[in-house]
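Shared between the two complexes below is chain A, which pairs with chain B and chain C, respectively.
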Partner chain A sequence: MKLVARGLLLALVLVPTLAGLVGVLAPAVGYLPVLGFTEPSLAPLTRVLALPGLGQAAAMSLAVGLVSTTLALLLAVAITAGLQSRRVSRWLERLAAPLIAVPHLSIAVGAAFLLAPSGWLVRLVADPLDMQTPPAFAYGAGYDLLVLGAVLVLKETPFLVAVLVAVARSIDERRSLALARSLGYGDIEARLKLLAPAWLARSKLAIVTVLVYGIGNLELALVLGPTAPPLLPVLVLDLMTHPDLARRLDGAAAALLLIATTALGYAAYRIGAALAGLAFGAWLATGPTPTLTRWLARIGDLATTLLLAFLALTFVVLALWSLAGPWRFPDPFPAVLHLDLWQRRVPDLLAHAGTTALIAVTTALIALAVVLLWLETTGRTTLPSWLWLPLVVPQIAFLFGLQMLMLVIGLGPGLGPVILAHLLFVLPYTALLVADSWADQDPRYAAMARSLGHGPWTTFCKIKLPLLKAPLALALAVGISVSVALYLPTLFAGGGRVTTLATEAVTLAQGGDRRLAAATGIVLALLPAVALLAARRLAR
Partner chain B sequence: MTGLVLADVTIRAGGQTLLDAFDLTVAPGEIVTLMGPSGAGKSSLLAWIAGTLPPGIEGSGRLGLDGRRLDQLPPEQRRMGLLLQEPLLFPHMTVAANLVFAIPRHVKDRKVRRAKAEAALAEVGLEGLGSRDPRTLSGGQKSRAALARCLLAEPEALLLDEPFVSLDSDLRAEIRSFVLARASSTGLPVLLVTHDQGDAEAAAGRIVEPWARPREAARS
Partner chain C sequence: MCRAKWLAPGALVLGLLASEAMAFETVREAARGQTVYFNAWGGSPQINDYIAWVADEVEDRFDIDLVHVKLTDTSEAVSRVLAEKAAGQTTAGSVDLIWINGENFLAMKENDLLFGPFAFDLPNFELVDTAGKPTTLIDFTEPTDGFESPWGMAQFVLIHDRATLPEPPADLAALAAWAAENPGRFTFPSPPDFIGATFLKHVLHAAVDDPAILTTAPDPATADDLLAPVWAWLDDLQPDLWRGGRAFPANGPALHQLFEDGEVDLTMAFNPAEASSLVLDGRFPATTRSYTFADGSIGNTHFVAIPFNSDAAAAARVVADFLLSPEAQARKQDPQHWGDFTVLDLDKLEAEDRALFDAIDLHPATLPPDQLGETLLEPHAAWMDLIEAGWRDRYGS
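Moving on to the complex of A and B:
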């Protein structure tokens, strides 16, 4: 059993990720026998490097990932440091779980409707400013990147807050805080100066995950990113799905460049962190700086409030568009609101929601079963670090390789491969959540049950599982949320034949029916919310 | 040989030897008190006997009960009744469900199982509390329920690991005499570990102090 559990985890996570990387590396150097390329060459790489706009694409991806990660991290540290003392932060703490569960894509669609050149914000001020056409400044790569970055910050800050808060809870802070206060430091400054370094040191993996997503994610780049040239992941996708199959070699080479760009981003992050450490050291040496801390806290509060307002507005505009009759620029509101769209499109939306839920629930349940089997049979609670590999490599890089390998071994696209692909991203999160509570459980209950004459299986089912009901339900809900939000794994492993709310939202947001896109964004956000609510109810 | 027999028992945690080549026989109906300071390895010894040593601690030696060799068996086949520092009533079950959980599988009929649990509750003075959530019981009631649960599993020996430490002093004497009286009335070998002189006196049996000698020897 022990071997089965270890093998399963390897087979479901490490093997496909490594295989996917090999599957992208080989064609990148000209080796793709299935299409008749057997001579290794550097031609694909040189062709890609000569593509117009490649440098700009890479630079934009790098910049948006680095800046959004840095801002989200600074904000998350400020919020975590102030959690016990300020109201806005307490609000955010309560909202953290639902905020994490909202798919990036729902917010992206809402943000597009809100902030686009002809978006709602412009419409609201168009009349007073006597604007007849959308403002010119909003047409440009710079503005697109700004919107994309804002969405990333909005989505990643709550995730990082949750990670930091979890880490902070595991550190006994009372003595350090009492000591610092007796030396004249306020609560927030004491946390920032004494505890924040430890939080960050223990959250490296989460930070890298955020950074890699920021640089390499495809779905937000498609919905919000610039188009001429597009961001690097979009460029990779264009080459990979090029009608000329030979261009797939170039796609692989571009994916390799995306990995290199991500590595560069990581190096830049490390250098930045080292520089920040120097500045931090200087701040440590100045003694108490209550005024500065107050200002930092105020900026943090303001940013948090802005982000929450931004979030609320994205959902208001989604709701408005899904109910809108004719809505011409520059009218601030639609002329009529009606339920036409919802009534006409309910069957479609339900069908896509059904497919999405089926994939998500199956994936989350399989992930939970595999993780529990691993924990129960190996007796270990420290997870192997390779489990995070799928989260620290840009998705498109190894998923493309996996698709190539599916081609080679003759595995057709479909629901099964989609679930396997989703497991790559759901398993790490499930494992992380379950392993912690598994390690925290009191082993004496199980020992007692065994002494009362029950075997390991009964003890597992009747004692261990029920005692962990709350964290297990949460892990399921998080697994479902992760799966619901996945776009690229569905696209690649489903071969375009499996349609979920996420794939539908990207297609529609790129120039389909705005009303339907809005409705899809709403239903997409509802699924994780329902999963979380159900988990909370179950935990009671 | 009858009774609970420990032969050549050695327990190691990390690089440290907690117990070295220890021998002990507890006859049926006898209460033996094992005394030692906190952290000496008393609980580890009981966990070794019960077969529930946590990872990181290793035990070796022979364990027999009425001529049956136990040390290679999984915990569920050893039939050791455990009473630990805390009552450890399963929090997701009612008091009655905790007791029913302990009744061996040869009692098949649901009603009979339920009736046995009710009777066991009455026997420890907890009539009518079966449907309660264990968290709503007082400290003394929890200890009584834990004792009832332990005995329902039809154990062949009892292992008491300082089962009175979590009780305050008034209650402590009362529960102690109740538990010890019930334990000795079963006629089973009983092994009590404690660091409390009062517990040892109340048990009124043989006192063994395996941790006293090597320490003195080391000093001299």
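Moving on to the complex of A and C:
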């Protein structure tokens, strides 16, 4: 049983990821026998390096990932330090879970409608400013990157808050705080100075996950990113799906560059963190600085409020567009609101929502079963570190190779492969959430059950599972949320045959019917919310 | 005797026709119960609805289960078939029918990824206007050789709003002058998007003295000189483009969105009826009109093809044949459903079939076929590679 559990985890996570990487590495160095390329060569890499715009694409991806991760991290630390001290923060903590569950894509679709020069914000002020046409100024890629960065910060801050809060709770802060108070420190400053370094040290993995997503994600780059040149992941996709099939080699080489860029991003983050540590040391040495801390807290509050307002507006504009009749610039609101689109598109939306939910629930359940089996049979609670590999390598860099692997072992595209591909990303989160609570449970209950003559299976079902009802339900809900939002794994493993709300949203947001894109974005956000609510109900 | 002489070849032809019909009857028989995964660009709800209608019809008539696999880009499906070939999957491929033309077709044909030839054996193929519409046999510069079956005619048109721009620029020179006076009000999708690429092809056509030179691959010795006026014209236009030419919409629908939002005054389409569809959908104002440049416009045909490893090739052929039927073609030409012009020769149709086309109400935003002007042929794919690479080099980075 123990071997089965270990083998299962290996086969579901490590093997596909490594195979995917090999499947990309081989063409990148000139090996793709089906097209007649059997001689290893550096030509693909040389060609890609000579591509116009490549340097800029990589630099933009790097910048947007680094800046958004840094901002989200600073905000998350500020919020976590302020938690329990102020009312706003408690309110925020309650919001964090639903915020984590909202897919990036829903926010991205709304943000695009909100922030374009002809978007809602400009329309709202167009009349007072007597604007007949949208402002036509020559703004470059920087604007797109700003919007993309804002969406990333908005999405990643709550995730990091949740991680930091979980870490913070595992550290006993009372003694540190008491000591700091006696030295004249306020609670917030004390947490920032004495505890935050420990929080960060224990959250490295989550931070890297956020950084890698920021640099290497495809879906946001497609919906919000610049086009001339596009971000690096889009460039990889363009090459890998180019009509000239020999360009697959270049695509694989570009994927390698994306991995290198991500590694560079991580190095830059470490250097930045070291430099920040120096500045932090200087601040530590100055003693209590209540005024500075107050200002920092205020800036943090302001940024948080702005982000929440941005989020609320995003969903209002999604709702408005899904209900709008003709709505042309400079009208601040659509002249007519009607349910035409919803009525016409409900069957489609329900069908896509059904597929999405089927995949998400199945994936989350399988992930939970595998993780429980692993925990129960191996008796270990420390997870193998390779479990995070799929989260710290850019998706597009190994999914193409994975597609090859699926074909080689005769796995045609379809629902099954999609679920397997989703497991790569759902399993790590499920394992993380379940393993901690598993380790925390009091072993005496199980021991008592065993001493009363119950078998391991009965003990597992009657004692351990009920005791862990709440964290297990949460793990399921998070698993569902992760799966619902996955775009690229669905596209590659589904061979395009599997349409989920996420794939539909990306297709529509790139052009097409804005009203339908808005409606899809809303339904996409509803699924995780429902899962989370159900989990809370179940936990009670 | 005389009659008998005539009878023999007549009977032979009839017999051939009958045997052909019978041959296709066996295809229909084999097609029953098969599932066809139709890989087609899914960015337009209207076209998606049309394909859904086709699915209902072939289900009722031929017991075929047609599933629309919505692509963001046709090359996705091409790469999937390639990946399958790479993995040695020669049967049960994931793609059964693919909406295709141009360089995607060329890539599939050159890499032996196609089933066929099958198109010339489809019963409805004889209705195709191969003489009047030569692009039904030659896709860009590549002969179809029966490996793809024509589906619809495309012609490049520009779209403007009569209320805000009553007299749109009539040619490229006028366009540049107008853009200089109205900076930021014009743009095109960034190549390799096909709408953007087609706009650049028009610029290329206008820049060469003899378009015949474009039908073969460019000669590296003279290509730079030939392309010089193209870059000169684009350099001139660049600062007057939307967002100062520092960003471009990703594709045609994204450009439509900018037009709908009032960010630009012109949009473009590869379908003379697209503007009508958007007006009927409530997205473009009723005063929207289409037009072509005075020197003509790029035209081509789009097709359906069957990958080599499809297990449903029989059903895919039946669907391809149904797509060519007067009924399906007439519905497709109706702007209420799609507005895509037919590949058929209306003179070859029975009176009742022809009536289907005559009954179609051409919306005022649609340019009727006789006002489309001269059709400019697609240049050789290698020209496009040159232009795309050059464009990316100059403006896309």
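We adopt the following convention: the second predicted complex is superposed on the first by the 532 of 540 C-alpha atoms of A that agree within 3 Å, B and C clash if a C-alpha of one lies under 4 Å from a C-alpha of the other, contacts with A are read in each partner's own complex, and residues count from 1 in each chain.
Throughout what follows, a residue touches a chain if its C-beta (ideal position, glycine included) is under 8 Å from a C-beta of that chain, and two chains touch if they have at least 3 such contacts.
These numbers were taken from a predicted model, which means no experiment stands behind them.
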Query raised in the report: Overlaying on chain A: chain B and chain C, fit or clash?
Result: fit
Report task. Check whether A:Thr490 is in contact with chain B, with chain C, with both or with neither, and answer first, second, both or neither. Result -> neither
Query raised in the report: For A:Ser68, is the partner it touches chain B (first), chain C (second), both, or none of the two (neither)?
Result: neither
Query raised in the report: Where does A:Gly379 make contact in the superposed view: on chain B (first), on chain C (second), on both, or on neither?
Result: first
Requested in this report: Name the contact category of A:Thr209: first (chain B only), second (chain C only), both, or neither.
Outcome: neither
Query raised in the report: What angle, rounded to a multiple of 10°, is defined by the Cα centres of chain B, chain A and chain C, with the middle one as vertex?
Result: 140
Requested in this report: Determine, under the contact definition given at the top, whether A:Phe329 touches first (chain B), second (chain C), both, or neither.
Outcome: second
Requested in this report: Would you check which partner chain A:His242 touches, where first means chain B only, second means chain C only, and both and neither mean what they say?
Outcome: second
Query - Contacts of A:Thr355 with chain B and chain C, given as first, second, both or neither - result: neither
Report summary line: Max touched-residue count on chain A (chain B vs chain C) belongs to chain C
Requested in this report: With the two complexes superposed on chain A, say which partner A:Gly53 touches: chain B (first), chain C (second), both, or neither.
Outcome: second
**Report entry** Nearest-approach distance, in Å, of chain C Cα atoms to those of chain B in the combined model
**Finding:** 48
Report summary line: Note: overlapping chain A surface for chain B and chain C spans none
Requested in this report: Name, in rising order, each residue of chain A that touches chain B in their complex.
Outcome: 379, 442-445, 447-456, 462-463, 466-467, 469
Report summary line: Per the touch rule above, chain A residues touching chain C in the complex are 32-35, 51-54, 56, 116-118, 133-134, 136-141, 143-144, 222, 226-229, 238, 240-245, 248, 325-326, 328-330, 403-404, 407-408, 410, 412-413, 491, 495-497, 499, 504, 506-508, 510-514, 516
Query raised in the report: Across the complex, what residues on chain C touch chain A?
Result: 37, 39, 42-45, 67, 69-73, 75-80, 82-89, 92, 94, 102-104, 106-107, 111, 183-185, 190, 192, 239, 242-258, 260-263, 281-283, 285, 385, 389, 392-393, 395-397
**Report entry** Sites on chain B touched by chain A in the complex
**Finding:** 47, 50-52, 54-55, 74-82, 84, 86, 88, 90-92, 101-102, 104-105, 149-150, 153
